[in-house]
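Each chain gets a letter, A, B and C, in the order it is written, and its residues are counted from 1.
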């Protein structure tokens, strides 16, 4: 506002931030009692560790378990409001590194709240780190180790199961298919990681992220299986999908192999990742020696 | 002191709109510019009001070249009444007329007095607070006239004042046509040089001191009303047959179509 | 002159000023966090050096680094958008011209987005040179270029065509929308986060740095625009008429376009796209005070600041603790208002 006021304003901000920092640090040592979560996977972990009574607010990506949606909502994880979050008087805010906006994160930190950021990278390592750290924060180290061990066991089982197949299947994850060019997952995406962890090959190569690709590229990618998210209301049926040009000319169309899975479970990178991998591997390679299972 | 054009030409592309015009408006006289459609009357007014530049020749106001004067100086000497003015925003009559005082810094009190006087002169006092867009075409024209009057109402330190009227009577009924030109006449009486573009030969005859007759961008004839309003010249220019009779009251020439 | 209107204008501006002051106090005192009004005000007043501070530190932080910059920024942005709207409407003699509708905001947003995405690469030298001012400067340039483009498209030797101008605005909005889309496609995740914030418009996360960067540009632009009030009045009569009244039309046009672009650019840079303020606010002022720019511009600045403060208070309380983007609120109010305006004009046979 007025130039002369700025330094003193900043000064006071910093002083009080330090004071608040010390204050909240002592609380953190005693394990935080009021937690705001700005990420669905982190919320799931708190629930999985049985400490959901400490959650005082969650973002809109926290939709599992359904009870979480009854908690006070702080909005979309990338558009949270500084004062809105502060009004919940949290001891700690847990978020991933894509939560924001950055300026709001700065303001929250300046207000002296313990703001903990975890990696949103789509990897098993990130899941391990999230589980371990949050368990430690909650004073539930043993439960955390147990939860992680369970995830690890399911991932290993899936690997064994997939290894029995003659050769890995080429899987294409389709985020949306309709009138426009389908949006598919390239490298460095959650879907890519999940396909590989489940013992498949990502049929899409050559780019990172989710991008639309032309119908012709669908054919040259030669997917054996199409993987999509189950959506309330408008899940595409195999018949519909494989009648579309492009999809109709893929190996997947011959056997009508379409797998649909719950999106949050598949791509959430939370404590259910083990289950998600088991489910995907089973859908790809089957439980028995048979290598093909048709999902109608 | 006068507002004069010397060997003035204007061409746009290969088309010659004004061709070597020379004449002047002297303080105290009312010069009427006549001519058939397309003769260059509007182009002439646009050049003289500074809206178009000219290609060749020179234009002088009160002894100094037109280019010598700033836009603000010119506005303190020359008022221009356009053919019609659109105004989307609902200014009141008073506010529109007040805009005429923009070039001057005579103070609010003096401005308010002048505005009252000129609104009264164009017979619009009863509609002073009406919104301009709600007025009829004729009323709008009178308000614009009042605005231009407000602009040149007081003597200018820069020399004589001039008023350029672009078909000031076209939207008016007979009574207000007379009112407008009487007003122009009266201003001339006060030492203002007036140039009016007119279509009506009889209005020109009744009110003009001199006539400049244009044809195809050039001056076909200029002189006193009696010299110009001759049946042969009018037949040449407008392709109509007329006879000229003396006006029963004023004895000035009167044009009667045959 | 017109004493009625002049009196009314003075009264109205006085009232607006008082309302704005009250809203300012409420804005600092109200938020999702329930702080006592007296505590909040104590913080605000203590900063001016009047009293000794005696409130908990977290109150100080919330009031001083969240609510106050946000409130000040809201006022600046509201005033900037409303004044530029009023000035551009006067310049083009069209009450429907709005920086958003004719594509100026879109141009500013496109440039801002380019500045976000290319900030580390193509535009790095510029960023190093201008620091915190680079984003507002880019937004200003974008706004300025689009304004010139619209003016150029719409102006022929017959004058400025309103219809052409609005059509040009539609076309430019399509192009800038596509441009923003291309940058979105090129952006990485961190950039995308910033971009999302842009398109809905928000005062959330306002910092004193933002306020400083925007305040300089906006205050200069607004104060200078106010000086052109009389010339803008004359321009309402038409360009030729204004010239006959001694107004240097060419210079005024360039100046007003430049200053409006500066104000809109700075506003867009710090708050993203907030639409309809520039359309709704001047229109309401005109309905009560008439089109005289001497009152219109100043009153629009006050009402614009007031309007955006109120919208922002809604934005941060309606779905608290979450936040509704302020651009959505102004659009929800402004959209129907705009439709009403068009219908009214069509019924009056005014057309565009």
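Rule of thumb we're sticking to: a residue touches a chain if its C-beta (ideal position, glycine included) is under 8 Å from a C-beta of that chain, and two chains touch if they have at least 3 such contacts.
Quantities reported herein were computed from a predicted structural model and do not represent experimental measurements.
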Margin query: If you apply the touch rule, which chains end up adjacent to both chain A and chain B?
Written below: C
Next item on the list: Have a look and report which chain pair racks up the highest count of C-beta pairs in contact.
Entry: A-C
Checklist line | Cα-centroid distance, chain A relative to chain B, in whole angstrom | finding: 79
Next item on the list: Quick one: report the Å distance separating chain B from chain C, using the average Cα coordinate of each chain.
Entry: 44
Checklist line | chain A and chain C: spacing of chain centres that average the CA atoms, whole Å | finding: 38
Item checked: Shared interface positions of chain A, touching two or more other chains -> none
Item checked: Complex contacts: residues of chain C adjacent to chain B -> 1-2, 4-5, 90, 93-95, 230, 233-234, 236-238, 240-241, 243-248, 286, 290-292, 350
Checklist line | Interfacial residue positions of chain A with respect to chain C in the complex | finding: 1, 3, 5-6, 8-10, 12-13, 15-17, 19-20, 57, 60, 72-76, 78-88, 98, 100-104, 106-107, 110-112
Note to self: Give the list of chain C residues in touch with chain A in this complex.
What the structure shows: 31-34, 47-48, 57-58, 60-62, 64-69, 72, 189-190, 193-194, 196-197, 200, 202, 204-208, 211-212, 215, 316, 319-323, 325
Notebook entry, point to check: If you look only at chain B, which of its residues touch chain C in the complex?
Noted result: 49-51, 71-76, 78-80, 82, 85-92, 94-96, 98-100, 102-103, 108, 111-112, 115, 129, 151
